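Just so it is clear, A, B, C and D label the chains in written order, and each chain counts residues from 1 on its own.
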């Protein structure tokens, strides 16, 4: 019951935000909410499933590019080329782009593209029991390789410039503040729905299975489950969420470039979750909002020291609050309990030490 | 002709990769610690050469090698004592922790040495090259020799010295080593000191061929980790083979395809994923009966 | 009557070391068999091979007419072979019931998995009853004692209704009363399952075993009732040909 | 997870965020530019991240120019008040900060950007808000936004003159090496068209990802192709690796001359003058460019930021941007964007690079093209110039061979 009240309260607050904020700040909030959607997926894959994905930007990008390509084609009008193609010397619309003129196709691809890539990578690596640090390193390499691929195909992808300059989003005029408000509401709704779905997933038997795999993958294997499939599903699900977030990010921010999905961007998606608390969905959402908000504030006030702050955040959270802000309360409780019963074996969080 | 050239070039790319990843085979391979700040230790090594330059003059690079080993080693030791020590068994948390530290170190370098690249002059005797169809610059030969020398020194250390044997013992079975009277904490410190020291040495070598700036290390870190992953945990020969294989692969893809440099990176990634399909633990594995 | 489990000509080699050599081994349905032998005899390795964890150099393992060699671990489990490990692994963050439910649900398809657990299924309830952890059902498994964990593990096996249970040193590290409880549990489980137990504890063996197989240096040494085996001179040599000290260590 | 725990956490996290963001919403900065006795102007460059190396110096020279304008009485009797924001080498951040400068700080104009990507990211923001951006770096052309003034060179003021120079020097074959992004790709397209029309051959074309530091293979390809000259559009760190590895492979400025369009005095320091001395660059300004205005500029710059600092083309173009805007606003008698735009055309000032005139039609500036030779001391000596300022032609309409490049 209390959960529902809190959920309703937050929903009301988010829906009331346009009354308080200037359009500029509302845009920023909308952007943070996109990151929060990604955070939900990371909390599922990393917090529950123990898969430290350092390449979530790739999925964010795939969703974003699927959407961006569609918007670019709408912008250009039928039979016309998107602006960047003309200055990249492309004369005919590449085959890859053609189906994206269809809005339904583009929307489907927003989810299908990232999910497919995640399924493929997941099945390949998880079946071979590549996990833990190895998986983290590989997912990071994926992000690095993906960026290089995007940048290298300038005629197809806009290169480093990425896709920019969108004015229309499914009938919304992105130059108009009222229409942008509608976009904001849409994002709030998507975030709310994503939250509910991930929560259901986390509480289901599947969610328990995922936690079990995180804490003892081999043991689960001897219970007759195929951990590779279970993990791949969670990984693909988180990829799908990232894709949706990327697709919403494009109209909010008005552009998408490879820099938004590279190694550093992917890590930034992760650190919000770490700060908020990877084991708590609400913590992950809150952490993502807080981190990106802090990033905006710091880079406005003390641009030179942002790296120090960001670095210190990583260190402090890992050192003193590995369960994030959401875990701090529990940590304090454990601490008090440990004082009372000095020898109490506090349950520790297991992670795979070896690949 | 072209093939031979590219083999030679591949070997020299491999030597750079090997040098950059050698320290990681210790810290990542032996201790399971993903040290994202490894790249910044490389950077520290490079800046060591820069700082020594006005004091030593032309031979700064040579003098810098041992000094950078110490600088990197001490940085690694501090990192281990202050932080990593508390993180054993939590490798993924270590990754994020050290990423934070790497950001801080980068900004420190920016504040101390300035954002622009600085210049380290190579000693005169390293400026020439040998002609074998393709010209192999002396500085590449130097890097190759340095890499091979480091590998030789490490394998000697691991097999012949008592300290080194302890290190191997801890790596293979920490608990068993601990109950057999090995001070694992001491060994961890030594491992981190050497691993980070090697990063420092790599940094000095990299001043010969590339830029010296605050982001020097971050350019190598992903590749270096890939080498260790492909080579297998804690496997010196795995890392050596992986580094040279990736180097040669890189040079061939880059040579035979148009716009190859971009393409090569993608191919290398794909090949590693494919490779892990039949060698999921990397090239060489330690057999163990433990569950997970 | 055909055997439930039939191991033929098994060889396992770990980088030059022969862990198991030309082993033939069989188990009838409904049997409770103990597997003993000094360290390095190949007991755990045999279990590893049966459950797919270790790939043999040669030989076959047929279970109820199906070949197990070459299958992945989870496929072996689905064929009806369950096992425990020397160090118990239960899922500490999940409650005792959830642990059992997880084990019971390994044949569930995805849509069923995606639902939350409502109530306790009959299988889980009866397993909970068998292992005697009913009072702790909703506590996280992390708070259980060592003995309770082992029982929970056995419960997690039972609830999967396997045709063969492989227990690897179930009473290692247990107190006297815990061992007693485990023995009773073992007997009740053995009533309707085929069970193979790897055990060092001679006392436990004498109290609860009927037939015993002795392995030594990767080969089958002898097979028989407890009394037969104890009387076998080769077994005495293997065990008693050492100092008393070593033997104590071995059986502790 | 205990249910109540996360509920509390979420509420607290969210409330704190909301309050904090709300706090910002009534930032006193939103007071507007026309009120009070100052005029706010935005400065938006990367102060952190990979581009900070280059962009910080441009910010510095822009601040110097603002100081000078203020010392001379300001604009329309009001002092300029710079609002500095960090683009953080991240293109969406550029868009975000541009929006902030326009909406919250209500700046009269903004000086900013370096990379093509940052400009493309900001362009829609300025067009949407009908606000003004002054972009101070040489770029790939093919653009003429009504809300951007371009004070760096477009292609016909840098690349085309460099090609003219090479042709005049009798170079027949050219090898193209560039970083993989928009400027090098566009520049190379132009070069190929030029070569085709002028009897030159393109011996090869190679791109490397930004930040690449391994050039042995490309150097090997250069050695085999043996072109007369290498046209280098590499950016940033890659230049250091490229020139070091080129030199150690035994290819010198004599055997493998190069002409670079992204290497200025700043970069020469990092590459090491010994590694690059004797190679060519193409810009519109060098620290050594003759003239009293430049002597004064260099003196003031060093006085403010340190004697060891060098001045370079983009810094000078940033400095120019401030001066040109101030002149336009003064002429318009207002900081209103449309009025400034209208007044800007034809404004001509004597600036460090010489006479600079705003072309009202394209909103670019007339600039003198200069080819320079890198000296062992790290300075660049001019060896050729176009004689007179070149009229900007971002779409290369005046060059028949370039027809079809900009479709």
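Rule of thumb we're sticking to: contacts are C-beta pairs under 8 Å (C-beta built on N, C-alpha and C of every residue); 3 or more make two chains touch, one makes a residue touch a chain.
On a predicted model such as this, the values are computed, not experimentally measured, just so you know.
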Chains touching both subunit B and subunit C, listed by label: A
Highest-count interface - the chain pair sharing the most C-beta contacts: A-D
Chain whose average C-alpha position is farthest from subunit B's own: C
CA centroid of subunit A to CA centroid of subunit B, Å: 31
Distance between the centres, which are taken as Cα means, of subunit D and subunit B, whole angstrom: 36
Whole-Å gap separating subunit C and subunit D, where each centre is the average of the chain's CA atoms: 72
Distance between chain centroids, defined by C-alpha means - subunit A, subunit C (Å): 43
Two or more partner chains touched - positions in subunit D: 180, 207, 209
For subunit A, residues contacting two or more additional chains: 148, 151-152, 216, 218-219, 307
Multi-chain contact residues (two or more partners), subunit B: 259, 262, 265, 291-292
Residue ranges of subunit D in contact with subunit B within the complex: 50, 52-53, 56, 180, 205-209, 211-214, 216-218, 220-221, 223-224, 237, 240-241, 244-245, 247-250, 266-267, 269-272, 274
Complex interface listing, subunit A residues touching subunit B: 50, 52, 54, 121, 124-125, 128-130, 132-134, 136-138, 140-142, 144-145, 148-149, 151-152, 216-219, 263, 267, 270-271, 274, 305, 307-308, 310-315, 317-319, 322, 349, 351-355
Subunit C contact footprint on subunit A (complex, rising order): 200-201, 203-206, 208-209, 211-212, 215-216, 218-227, 233, 347, 350
Subunit C residues touching subunit A - in the complex, by the definition given at the top: 51, 72-74, 77-78, 82-83, 85, 89-94, 98, 101-103, 105-108, 110, 112-117, 140, 142-143, 156, 160
Subunit A partner contacts - residues on subunit D that touch it in the complex: 1-18, 20-22, 24-25, 30, 47-48, 84-86, 88-93, 95-97, 99-100, 103-104, 115-117, 120-121, 123-125, 128, 140, 142-143, 180-182, 185-186, 189, 207, 209-210, 405-407
